[in-house]
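Take a look at the structures listed below.
Here come two complexes built around chain A, the first alongside chain B, the second alongside chain C.
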Partner chain A sequence: MSTQIRTQISNSILLAIVINIVYAKAIGVTQGAIARQVGADMWIVTILSILFALLMMWVVVIIIKRTPEKNILEQSKVLFGAWGEKIFSALFFLFFLGAYGGVMITIVYHLMDYFLPDVPTAIFIIATTGVGLYGLSKGIEVIGRFAVLGLFSISILNILILFGSLDNFHVHHFFPVMQNNLWSNLQATSHHNSDWAMAILMVAILLPMVKQKEKWNKYTQKSVLIGGGLILMWPLLQVGTLSPEVTGQYIISCMQMARSAEIGLFVHRYELIMIVFFSISALVQVMSCLICASISAKHVVGAKNINKLYIPTALLLGGFGYWIVDDHMRAMHYLEDYWPILSMSIIIGITVLVLLFGTIFKRKLVQRKGK
Partner chain B sequence: MRIIPIISIIFFVLVTLTGCLGKEEISDLALVTAVGIDKGEQENILITAQIARPAEARGDAGAGGGTGEPMWTAIAEGKTIFEAIRNLARFSSRRVYWGHNMVIVISEEIAEDGIVDVIDFFTRNNELRMRTWILVTEEKARDLIPVKTGIEVLPGESIDHLFRYSPIVAEAPKSDAMSLSMGYLREYTHPYLALVNLKSRGIAEGEDMPEFGNLPQAELSGTALFRDDKMVGKLKDRESRGFLWFIGEVETAIIPIEFPEGDGNASIELRDNSFQLTPKYENGEVSFDITLETVADLVELGVPTGKSYDELFTLLEPILEDYIQEDIEMLLNKLQQEYQLDSIGLATYFRAKFPQYWDDVKDDWDELFPDMAIVVNVSAEITNPQLFRLPTKPVKE
Partner chain C sequence: MQLEEKLEQDFFSCLQQNVTEIESILGSPSDLVKRDFTIVEQVNLDASLLYIDGLADSDVIENTILRPLLTNEMNESITALSSEQIKQVLTKKGLQVPSISIVANFNDGIDAILAGNALLFVDQYKQAFSLSVQGWETRGIEEPQSDTVLRGPRDGFVESIRTNTALVRRRIRDPRFRIQSMQIGKRSKTDIAITYIEGLVREDLVDEVLQRLNNIEIDAVLESNYIEELIDDSPTSPFLTVQGTERPDKIAAGMYEGKVAIFVDNTPFVLIVPTHFWTFFQTSDDYYTHYTTASYFRFIRYIAFIISLTLPSFFVMLVSFHQEMIPTQLALTIAAGREIVPLPVLIEALLMETAFELMREAGIRMPKPIGQAVSIVGSLVVGQAAVDAGIVSPIMVIVVATTGIASFAIPDYLASVSIRLIRFPILIASGFLGLLGFATTFVLLVIHAISLRSFGEPYMAPYFPFNSRDRQDTMIRKPFWAIETRPADVKGNEQRAGKNQKPSPNKRRKTRYKR
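Entry: the complex of A and B
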């Protein structure tokens, strides 16, 4: 195991990373996609997704607690053998590769569409992936501390947007509640579920690095609830202030919120405020994707030293990210039509399989515990 | 471990180079503060852009050896708004920048033909603020845009201040890019915009003085109503005030009323208002109840009277209630009988309360709307005579 794996972080740091990894994409790109599908029910869909995340997080903690020193990929080796481990790791790598596309869509379109339309797309990809690599080289502890800073930034952004939008908040935009049937709303959860999937699969990899395993369940549930609360404020404000129709018109709907917010005469046009405060969260997403993809790659190739995999992983993820964001239409089709299906299949498929086989072959796990 | 310094160097170079890309020097920008949209020749769009000269606009006319003019107004034509703006660049020495635009004025002629291009262009443009005011004028927008109104240096700023600092008039909605986009995109709503026109209200010394002044000023009063993106009607001042209740924009308003005893008038200022719209659906009939409650102050009494304030308030409250009710009924009459247009969004209120019956009526809503029973109940309470304990009346009487 690498030096990163042996590193220990606290439950609070994990909580901060989980919130950051979900937030940046969930408040804008995801909400726009949900608004296009279910209109004013977007806030209900967000709540349903938070419930999904609570359940999946609980399942993942149960799985990892069976062999607390092994992450889900190492546990799959015990359950399914070396090839099982490789297949699962490849699926994890595929997941974080796909997630990186969504992360890049979020970051690049925020910056390029609203501030720097003349700057080549590659510059954004190289710069953010470069920062991600730098974070990666410093290890998960530093990323975690960075995420704590990100949590403060997220809170400040939420407070500013709240005060900047309340003047134009219309309660009647929410009615009738449940305009769509429950099934339609559940189908729309796949967009936000795929955001949470990133956090849940990251926890499945990083949890053995977290101290005090008796608090794992409490802190992971807490992270979903706090993160969910911080995210939920956005669809509520987007419905009340922008209306679901306007929210759905834009690719980055949170920037539209930022563009419309104002406090008095002198604090208005929050686009830059938004970028300043959400960028840490976005960079934590980049770093977390890179670290999880690198760990997955290590299990695929059976490498001893993870450090050598950082750059190839970053090149692969960055290359894919560039290909996705270079064409807006391709990016949106990918994000709305393919990514939710792919991510849901991987997270549900893997967790259910490992949970089931872990229950059936409990003795096998107990025998190998600690080995 | 050599990889870390290499990455650091690459990162440093990238960051510093990125700083050079997409840079905008403020001295290279033509800061648009107001824009007018008219019909040009051969169905073209005519854009009138009012561009600020920051050095002169700061207040010291002629400072820094400039021309002394705080603004430069120019026109350009094109088949689309974008083409017209691009054509503006043919003779503008600086890049046209929309980030500080405060006002978009659309001529009535353009509004009647449809404004979907205006909505699309200005909400898609990432430089423009979503809180940019959008108005309709009965005049040519090119005539209105350069007119210096009020005491501000820039005309665009004057119109911006008209919206911000005159809620007391309550005769025009605060229509901006956000509300226009929402009104157009939302199901079962129609857009509306404030009306602005030139009136000779200013006074220039040393010139012949007609009855109302000799300097044209931009006056904000009235509402332009749209069906989808086409302007179909207008509301005058009192109808507009009735309209503002429905869109939740009456914070305060001055109501002038005739004093019933003696020759004179009184002014009442509405302070604390509550407006409730309750949809009803009985025997297949759609109807609405409006309950409006207001707490007001007496701010002017032009009649000497021996009555106490308690007696005065009891006397004035029903008159105030009738006046407000009349505002709303004038509006409803115009919308239901003349325009047959649900600009006040009754459909959204009905759908919110009775989603189960909405499918029964939604296709016929436009036909049902003119005959819908809308009952208005106004209740007014005057509680504050402002400073005075006794009405203004000489003791010698």
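Entry: the complex of A and C
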């Protein structure tokens, strides 16, 4: 793998993908879950999660920089042998399978609950996974370019919601600040941390494809800060406009805010336009999950040609997504109770193990560098 | 003997045998002219001149070939000369044709005759002389039909490749202007030329163009679209990745930006590669009017593009699935208009779109005065009658008409047609699945467009991938004094203009008027 010519993407493209993979779920579904747990402190929780992401992203860049031509799965092969690679890859696949459930919850409930209540769930899953598969077939370079469009859409979306919400913004909704203790707030970060985990593990896989390794750290940190800033605007507006109590009442809290947004007397009910912009970012999430899951599957089965794994991977992820999304209660239990624990265990477990073993067996890594 | 075998033969030393064989190969056509004469009286050396009437200029043949040969005496020692030496004698004896070349076999001889040259056979010589006397009726240079401008040059390409290359050369007096010619088409043997400016063009781009052209195997090339379809990066895509134009100024401008032009004989449409998506929204007079005006016009064209692509789909999606998104008063107006319409809104839209396409096609194909009448009758009478009959709603007529007008605002006709084509899948998906259908088909389309390349360059550049420097002449046109560099893909990234070109009044000069 390492001797093959890899597709190369720029640091800016990686930045765009990172922001897109986090954004769609983080602004609505995640904020609703956080609001239910910590109320008005949801914006503080979001900031704490951004700090967690900065730290983890830094750790991942350190790990990959030790063998810049190898992704974390290939590095794990050097450190733990072929079976170690397979186990790590299986965990990665499991992670992106689980993440896909969250992504599907985000997309399907946005569209189904607010726009198309009569359309069967399977149609949503087939349509979005089909588009993701098409993007996947075009490769990471095209997904990256599409993510640039997604970044543009996110900016427009943020501007639209900002203008549409400021009239009803009330500062008193924020008080008392830190109504929960720091430990409760830290516990609540697991919801948003699981969003950032998607971006961090994706970076751990894609980073060797990124040009100019001396800029990796700068751009990954930048991506967390910009992405975090774009996301942070939402809990601030949700607390200030909807109030944390109302935010917590909805699965898709951002959609409720979009529905109440209006600009002046004539421009109201423009959530349809916002959802079109949102869908671009959400579909980048779908494509990113599919590509990372496919790469993980390739390492699990030891396949030479990744293209053959695209359809089986999409079927597995789509099937799981359907099973999760088909039942609202199941979806909510999964998202709030199981997924944060699973995702945190995988991301912290894997990165800490690879970091520690990489430090202990540094000589082994240096010897195998470039091989 | 098969025709191929006859063509592979070398000429015979017997004049009559050569002439008979040529007539046999060509099937003794009525337009093949044969002039027999004697060129050295002392030995009565027979000669014969063959050419195709209509392809060769008979006046030129008379004045520059026959008259000098028949009036200037030649020494009988000519019979002892070689073909090359005879060629020099013929030149000295006053043949005033632009070029004489020696051909040795029937294949080359036939090619020369069919290309409009005259073939001179001299008895006892196993070689013939191809004399350049091409001359056929051509259309004069006129204003292009498809790329019209309000301000700017009015000359357009014609059907002659040589005239076309000359029209571009007039605009590029650079010694690094390069032209490479070839013939494509086993039977048509169409002349093709590629032109570029050395030092600006990427060498690998020229190699790529030449390689793709050389790989073409086809019997005939009648128009540049034959070449376009055979060198396209994505032949199955509805998007055009090669641009064709009738305007020499557009080709010259492209060459100054490091592009390669492909000229095809017998067509006024010249191709330019690589092509980016945004170039289809640019016109020549964007550069001949003030930059603010040009940028405004471009903005209007992009609006037209969005309307043309999405308006009917958006309308169908809103009316069929998301009525709550329409402002109440407008929703009531639409509902009142649709009250007596028996068809679902998707069928209504498809019906109107089909009717519009019929009128457009009929208007183009019919003679101009009748075509205009069809358009007017179609749009006014049939539209009004359809509304009165309750088949379609008035607002649907407005939507389809606005979409149609918007598509005509896209300067490149073929690009506008491709946009009209791709809006149908979006329309149908929106009609069946509402927002989900609209979003998924739109995203599929965007991913497809982003994945395209034109001769190695991303089709959607400089936005996807993003290149801030090249944006100076895409969505908007910056003033010439602000565009100092050529596009990033130009070899060497040479400066296009000097620094600090922004004009300003000379502050040092004293004014005549005192305050």
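Just so it is clear, the second predicted complex is superposed on the first by the 365 of 371 C-alpha atoms of A that agree within 3 Å, B and C clash if a C-alpha of one lies under 4 Å from a C-alpha of the other, contacts with A are read in each partner's own complex, and residues count from 1 in each chain.
Here is the rule we use: contacts are C-beta pairs under 8 Å (C-beta built on N, C-alpha and C of every residue); 3 or more make two chains touch, one makes a residue touch a chain.
Since this is a predicted model, take the numbers as computed values, not measurements.
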Go through the superposed model and pick first if A:62 touches only chain B, second if only chain C, both, or neither. neither
Quick check for you: in the superposed arrangement, does A:175 touch first (chain B), second (chain C), both or neither? first
In the superposed arrangement, does A:275 touch chain B (first), chain C (second), both or neither? second
Could you say whether A:145 touches chain B, chain C, both of them, or neither, answering first, second, both or neither? second
A:243 contacts which: chain B (first), chain C (second), both, neither? first
Once the structures are superposed on A, label A:119 by its partner contacts, choosing first (chain B), second (chain C), both or neither. both
Touch check for A:10: first (chain B), second (chain C), both, or neither? second
For A:283 in the superposed arrangement: first (chain B), second (chain C), both or neither? second
Touching A:90, do we find chain B (first), chain C (second), both, or neither? neither
Overlapping contact positions on chain A, where the chain C interface meets the chain B interface: 115-116, 119, 123, 127, 130-131, 134, 269
Quick one: which bits of chain C touch chain A in the complex? Just the residue numbers, please. 318, 321-322, 324-325, 327, 433-440, 442-444, 446-448, 450-451, 458, 460, 463-466
For the chain B and chain A complex, residues of the former touching the latter: 3-4, 7-8, 10-11, 14-15, 17-18, 21-22, 99, 123, 126, 129-131, 164, 178, 181-182, 185-187, 248, 348-349, 351-353, 355
Counting only contacts in the complex, chain A reaches chain C at residues 10, 12-13, 111, 115-116, 119, 123-124, 127-128, 130-131, 134-135, 138-139, 142, 144-146, 148-149, 266, 269-272, 275-276, 279-280, 283
Considering only the defined contacts, which chain A positions touch chain B in the complex? 113-120, 123, 126-127, 130-131, 133-134, 137, 168, 170, 172, 175-176, 179, 242-243, 245-246, 249, 256, 259-260, 262, 265, 268-269, 311
